Each structure stands twice: as C-alpha cells, then as structure tokens.
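What follows is a set of structures to go through.
Both complexes shown next keep subunit A, but they swap its partner, so subunit B is in the first and subunit C is in the second.
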Partner chain A sequence: MHLTLEFGGGLELLCESVKFHNVNVDLPKGADKLSMRDLLAWVRTNLIKERPEMFMKGESVRPGVLVLVNDCDWELSGQLDTTLEEKDVVVFISTLHGG
Partner chain B sequence: MESNGGGASPIRREIEALKEEKARIEQRISVLEAQLQEEASLALQQQQNDGVCNGFCPSEISSVDANLAHGLSADSIYRYSRHLLLPSFGVQAQSNLLKSSILVVGAGGLGSPALLYLAACGVGRLGIVDHDVVELNNMHRQVIHTEAYIGQPKVKSAAAACRSINSTIQIVEHKQALRTSNALEILSQYDIVVDATDNAPSRYMISDCCVVLGKPLVSGAALGLEGQLTVYNYKGGPCYRCLFPTPPPTTACQRCSDSGVLGVVPGIIGCLQALEAIKIASDIGEPLSGRMLLFDALSARIRIVKIRGRSLQCEVCGENTTFNQQQFKDLDYEKFTQSPLSTPFLRAESQFDPHFQNEHSNESLQKLKLLSPDSRITSKEYKERIISGEPHVLVDVRPELHYKIVSIPNSLNIPLASLEARLPEISSALKEQEKESTGSGANLYVICRRGNDSQRAVDYLRNKGFDLAKDIVGGLDSWANDVDPNFPMY
Partner chain C sequence: MEADSKPKKSGARLCCVCTQNRAALKRPKTLEQICRECFYAVFEEEIHQVILENQLFKPGERIAIGASGGKDSTVLAYVLSELNRRHNYGLDLFLLSVDEGITGYRDDSLETVKRNELQYGLPLKIVSYKDLYGWTMDEIVKMIGLKNNCTFCGVFRRQALDRGAALLKVDKVATGHNADDIAETVLLNILRGDIARLSRCTSIITGEDGPIPRCKPFKYTYEKEIVMYAYFKKLDYFSTECIYSPNAYRGFAREFIKDLERIRPRAILDIIKSGEDFRISTTTKMPEQGTCERCGYISSQKWCKACVLLEGLNRGLPKLGIGRTQGLNSDAKISNGMVIQEESVQEGQLFCTNQVNPEDQFFGFYICKK
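Coming up: the complex of A and B.
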C-alpha cells in the first residue's frame, strides 16, 4: 500500500532529518487491511533510526505527538484501529512549546 | 574641551528618570482618555434614551456626535477608518474590539508582534505578563523591544512600545511570573488570553486556568523553523489537556535558547495569534477552534488540520470533572510536567543532541554533578595551565554547529554523540603532546557550553582508560565569565 508519511516538530530527527517519506507498506500476513497499529510497528522498524522511545510508548505514540490521517486527528478515526487506504497521508508531529 | 567621563552617568540617570515620568504621564493620559470616551458614550446613550434624538432636532446636537450610536469618537473613526470600511468588520466589530480586554502572557518572540497588532487595532484594555528582562540575544525575534531597553523589564519595554503606537487604549503591566498563586487573579480581569509563553508547564497552567475561568485561549508555539497555532476552550471546543492529557517527556521539550529559532517564525505565529484574538474579541469569522494550523517555514507549507473536540474524559474540562479554582491553586505544574516554569538565570543545556535534550529527567536545566572534585578543574585553573605551557589536549564535546560559532584555540572538536567512535583521535593527540614534552604524560581536559556534557564525557573517558581526563567546570560560560570577558557567548 502506497502511503505518504510526514514527520514534524523535531520527530524528523529520528529518521535522518527527512520529513517526507513516500513508502510502500505490505499488509500484515493474512490481513486484508492495514491499521494504524500496523503502520506504527512498520515505521518503528523501517524509518526510526534512533531513540524509538522519542516516538513510541507501548504500541502507540508517546505523549505530545499528534497523529493526523489525511489532515484529521486520528482520535476522530479510531486511533490505533484507524484503517488506512491507498495514497493516505499520515503526519506525525511533536507538539512545540517554544516561543 | 576635555570630555569628562563622570558627567555621563548623571545624564543617563536623568534620562531614565524622565523616561519613567513620561511613561507614567502617558499611562495617566490613556486612562483619562478611556474614561472620557466612556463618559461620552454614556452621555450619548442617555440622550438617546431620553428621546432627544428622535426625529429632527438638528439644533440640539452638534455635527460630531450626530451618528455616533456605536460610541466611537471622531478620533477613533479616523484612526480605525480602514477597519470601519471593511464590509466584514465595520463599526460593530471595531466597537466590540474597543470594549474588549486581552491578556498576552509572554512578551517574547510570539508576544512581540501579537502585542503590537493588538495595541494598534484598538483593543480597549491590553494586559502584558512577563517577568524577564530584555537581552541582546532577544532582539532578532522579539521585535517589540529596542536596544535602548536592554537590561530593563520586557513588560516595561513592551508597554512603552504599545503606548507609542496607540495612546488611546489602556495598557496594563503585570511585571511578574505567572504562577498558580496569581494566575486566577490576573486572568480573571480579561476576556481573552493569548498564550505566548515558551514552556510546557506554563501552557498547562494557562489552559487549566482558562478552563476554570471560562476564558477562550489563543495558543501559539514556535521553534526552529516550525510553528503551531490553535484556539482552546472556545464555545465548547477542546482545551489543551483534551489534546495532550499526558505531558510529554522532558527530553522532548526543547527551548529556543538551546535549539534555536528563526526570528520571523514566531513573528508569523504571533501575528496569527493577534488575528485570532481580534476575531474572537470583535466577534467575526470562524476562530481556529477544533482545528490546528501547522506552519513549516523551510518547505513553505501551512496545513490546517482537524483536531478532536472536547474530551468527555478530560480531567479539567470533561463531563465528570471536579477540577476547580482551589485544585488549580494547589497543582504543582513543574512537578506535573517535570520541567520548570521559567529559568531566567539558570541556563539550559542540550548539547548531547542538537534537538532533544538529554535523557536524565529535567537535569538539563540544573547543574549536573556527576564527577568528584578531583576530576574537575575551574576555567581559571585551566588558563594557568595554558600559561605554564603544560602539555595537554583540550576536547570540546559540543555539536559541530556550536563549535563553528566560537571555540578556544587549539581545541579538538569531538561532539559527545560521536565520542565513542573517535577515541583513537584523542589517543593520538595525547601521544603527540607527550612527544613534544619529552616523555612526560599529557593531561586531557574536556569542555562544553555550560559544563554538563563535559562531565558525561569525562565519566565515559575515565571508564575507557583515560585516567587523567578532567572537565572544565561551567564550560565556556565560565571561561567567558571568569577568564576571557571578550569571549563571545551565544
């Protein structure tokens, strides 16, 4: 499944400072759809190059990270259970505190 | 004529005194003008209520107050004419604005442009909270302050700038750090709150306080080349805690003083904060509630995303919450977020990594004490050793980006993150020094920006067999303070 992933707010530093990633993610064995839960595991294995604890906590993202699926907060689409579709855009953004 | 050095300081003092007096007089004038305006509009209302103006009575009213049912004075009409001509703004919105009160917390990178626009646009009463003083390294982004105010309170500087733009509105100075002990009292005096602070505990505290008091909150943040903006607690919308119920780890909370920020980025977010506050105050348009604006300066992208609504489970604004003013007062936000509300004199350090602070919770803002005194020397002692010609190697463990800004001559830059891989370089540098000193051992010193990472490096080096490694207490900060006052600090 082709997806566009974007990292911001400093999270891009965990994947070699690359903000935009066009990726092709295989469906989990035996599954007919890809969930955000699956994608997070995939991202952790394939894109996060350092300090995974700065990205994830348990099977979800760490506190302070917003996840957006097609410009919409993943809380509105079922969080980890959100089902992804071809060409979806998923954004991971760390909240900023500076000023 | 000979110039007399002693003559300058009384003159400066007098200038200062006169400036203060001028500010006091200006403040008094603006209060009186606001009073006058209020009385005029009350009188007009009275007149209308009495029916004096019904029908034709041209001889009884002057041409000035003829059609001023909105309460705007002739000067106000002229001053705000470009607002009044806007079909989607007009007299009603301007009149709403003039009757509104807005509090800006923080007169820094976000607060500077926000305050300038809020003062200019005619917010009736504008409050400023800040406890900090203006510093030279603020000037590139905190555009409300001028060089003349370096060393003076930001509140005073910002208020003077606002008054010089608009002497007809009321500017209120709150020269104090916002705490749970004073937040309720200060925030309750305003209709709208603008969060222009720079740290996580302040953001939780301000949001909670706004929920308790029922005030809309315009929240902005900026760091590096990115910015974020949204409106919380507005007409049933989410609060900060609905979005971020659990505070992030301190290692993910970066500060502009460590990670840097391009000046114009908070400028843009601060302007947008002013805009959202103006929309709420004047009751026009759709405020950015339930949505968030994400700004990426490098790729020139602005994205507006839909965020969750008010969370029924929110501990502060949710359905079954019992959170009240007393609980707010009792909450320790520094403990809750594991980071300090403000650190004007304690400097932060995050040299281990240019972006994320180090692992140990919150220690980056304190002085780390990892090493025993015999593993450390002061910057003055180090200076003596240079003068005595002692054979040694100085390793600077700051990131390369920092090293390029300024460094001590003849030091070797090996960033802490790559120390492990570059140990052989240290060994060969030491051997070189030993050769020159005809056989006797060479010492190894380690320095960083403020003296925390150098301790970590020495701890590591000693474990790897570099038994002579010592760190320089307080890093380049103390070198600049105690040894070389001309050494540039950043």
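Coming up: the complex of A and C.
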C-alpha cells in the first residue's frame, strides 16, 4: 500500500532529518487491511533510525505525539484501529519541545 | 450517510458545532469533534474571553510578547495580533526574544522569530545573556556540567525578559505558557515541596508589584490545540528540544501529564484548578518579598537568585545557589544569620545551604563566621 508519511515537530530528526516519506507498506500476513497499529510497527522498524522511545511507547505513539490521517485527528477514527487506504497521508507531529 | 470525499470511509464524523463540515480534530478540553473552521473560531474566541474575564490588557498599553520562535509564542503572536485587530484592544504589540547563547538551538529559533517579525509585522527586540550577564548558556554548562542547567537558564531568562521589557518601555509581558505547562509546574512544585511557588504558579497575571507584570493568555489552552492550530494554519515555528533539557526534572512531570491526558484529558485543567484553590495553612511560614542588595531586583532573600548564581559562576563555585545541602553536617547551627561550627567551610567563605533554616529552601546563602 502506497502511503505518504510526514514527520514534524522535531520527529524528523529520528528519520535522518527527512520530513516526507513516500512508502510502500506490505499488509501483514493474512490481513486484508492495514491498520495504524500495523503502520506504527512498520515505521519503527523501517524509518526510525535512532531513539525509538521518542516516537513510540508500547504499541502506540509516545504521549505528546499527534497523529493525523488525511488531515484528521486519529482520535476521531479509532486511533490504533484506524484503517488506512491507498494513497492516505499520515502526519506525525511531536508537541514535546519548547514553545 | 453524508457525502464525503472518501465514500468508502463510512462513519466520517461531522463537526458537532456546524454539522456541515467533516470533523478534523477531537478537542481534549471538551471531547467535541470539530471541523477546522469551527476550531479556529472557538480557539480564538476562548482566548478572547480569557483576556476579557481576567482583564489582562488595557487600551493603549504596550505589550511585549515573549517570543522564542517556538510553537506557543508563535501562535500567541499570531492570535494576539489577530484579536487586537478584530476586537480593537488598542494595544501596541512587540516581539521580545532572549538569546541564551545555546548553539544549534537558540540561533536557529531566533531565525524563526526574525521571520515572525516580518510575517506578523511586529517589531522585534533581542536581549542576550552574554550582554546582560557576561555568560552564554554554553559557557555556563561547560562550567557547571549537565545538571541544573535549567535552574540557571530559567532564572536568567526571567530577568532578561524584564530587562528587555524595560528597554522596550512596555507595560506588560505576555508569555505563551499553556495549560500543559502550568499543570506540569503545579506538579513539580508539589513534588519539591515548594509552597511559595505553588501559591503563585497558577496566577494568570504575576509580578504586579514588580517592575513589569506578566500574563499568560494561554493558561487554559491545551498544547495539543496550539499545535493543531499552528499546523492547520501553516504557521512558521521552530521545534527542537533544547539540547540541555533531557536532564531536566520537568521532563518527568511532563511525561506523567501526557500519560494522564491520554486517559482523561480534562485532568490538565483539573490540576490547574487544584493549584488555584490550594490553601496554605496559616501556620506555614512564607518567604517575604524584598529587594536584592546587589542589583535591586525583586527577591525574597538578601541576594536575588540570579546574583547568587552569577557569584557562583564568577568565583568558580558552580554549586552556589543550587540544591539543598552543601556538605554541612546536621550539627551546624544558625544564629543571627551566621552558621556556626562547620569544619569544611572556611571563615569568610560564601556558601549555600537550606537544611539549616527551613525557610530558605533553595535560596539561602551565608557567610561563614567562626
């Protein structure tokens, strides 16, 4: 599944300072859908090059990291259970820095 | 099923305010699902109400906005400018920035403030630690190591803001402290037993008896909403953690607050409410406010904290003014402000203590007389 990922609020530093990533994510074995839960695991393995604890805590994002799917708060679509579709845009923004 | 740009996504929620547009975010404050346009309106209106209800400003006042180039101060500058125009507050707004001299952090964020100056049309003033104190934070950290950096920086920054504000001849300083910040501070002060600070830290206006009062228009504004506002409006801000902050104690309070917010978002406002309604027993002794003997700044001790810290730096005593005990044994007694009986401290030496006199907490310093 082709997706566009964006990292902001300082998270790009964990991905070698690249903000935008066009990725192709394989569905998990035997599944017909890709959930945010699956995507997060994929991102941790494939995109996060350092300090994964800054991005994730357990199977979700670290508290203080906002997630938007197609410019909508993932809290509206079920957070980890949000299902993703081809060409979706997922944005991760960290709020954990000085103001 | 309402018409939507992605018909396969059944259950796309509608904004609960206008019921027309698709909801873009869930407000932590109210758990409402709201679209972008309604979010902008309610975000701006709530801040306007906070300003009115707490009488933060008066027409004709000159206001300096503490601007670091970060998310809170950028959004504050944007929103205040907008509300000033829309509701005719009649304010003269300025951007005031402090350069602590942290390479790779502050120099980058100052570039953002310079852009904000142009983007929002607000005149900018920058004051630096080097000019004010003769020390940059990088130099300070080299001397004191990686602990207690925030103690130095925070103390120096407060004075730097006041000095800058005086130079700009403003009536007030507005800072971007948000609800999350204030909830963290309430917790920090409880964890440290700092009753004096606890009683002040939830005030939306502080320093009214000092040279330049300050206010926090974002006191009830959630950090998540500030970031979402900035994201949707594509506001230009700088977002990197200060390189010295990973060692800060505040990090623990922040982590806890964030975990709490996930379970019960309302907790942030409730902690602030607890802090506001906190009552201190009448038998608790509180420090009195006077002025620093050395520089005249507001202080509850003979010397203000900044003077104590600077003295420590200049004399190569990096621990001066930091922490509690300074190697005193429990037999040391206090009498008329002098410490008696301590082997390791030399006659005439300036040193810091707090265990001996419980009132002093973090501020006490004495000259040893034997």
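Note that in this section the second predicted complex is superposed on the first by the 95 of 99 C-alpha atoms of A that agree within 3 Å, B and C clash if a C-alpha of one lies under 4 Å from a C-alpha of the other, contacts with A are read in each partner's own complex, and residues count from 1 in each chain.
Keep in mind that, in the parts below, contacts are C-beta pairs under 8 Å (C-beta built on N, C-alpha and C of every residue); 3 or more make two chains touch, one makes a residue touch a chain.
All of these numbers come straight from a predicted model, not from anything done at the bench.
Once the complexes are laid over each other on subunit A, subunit B and subunit C cannot both fit and instead clash.
In the superposed pair of complexes, A:Gly64 makes contact with subunit B and with subunit C alike. Contacts of A:Arg51 after superposition on the shared chain: subunit B is touched, whereas subunit C is not.
Of the two partner chains placed by superposition, subunit B and subunit C are both touched by A:Ser94. Of the two partner chains, neither subunit B nor subunit C is touched by A:Ala31.
When the two structures are aligned on the shared chain, A:Lys19 is found in touch with subunit B, with no touch to subunit C. Within the superposed three-chain model, A:Gly10 lies in touch with subunit B and with subunit C [touch as defined at top]. Overlaid on A, the two complexes show subunit B and subunit C touching the same residues of subunit A, namely 8-10, 13, 62-64, 66, 68, 71-73, 75-76, 91, 93-99.
Touching subunit B in their complex are the following residues of subunit A: 8-10, 13, 19, 51, 53-54, 62-66, 68, 71-73, 75-76, 91, 93-99. Note for the complex: subunit C touches subunit A at residues 6, 8-9, 13, 22-26, 33, 68, 70-73, 109, 176-178, 181, 223-224, 226-228, 231-232, 239-242, 245, 254-255, 258-259, 261-262.
Note for the complex: subunit B touches subunit A at residues 106, 108-111, 196-200, 203, 220-224, 226-228, 243-249, 251-256, 259, 261, 266, 269, 292, 294, 296, 299, 303-308, 353, 355-356. Every residue of subunit A that touches subunit C in the complex is listed here, in rising order: 8-10, 13, 62-64, 66, 68, 70-73, 75-76, 85, 91, 93-99.
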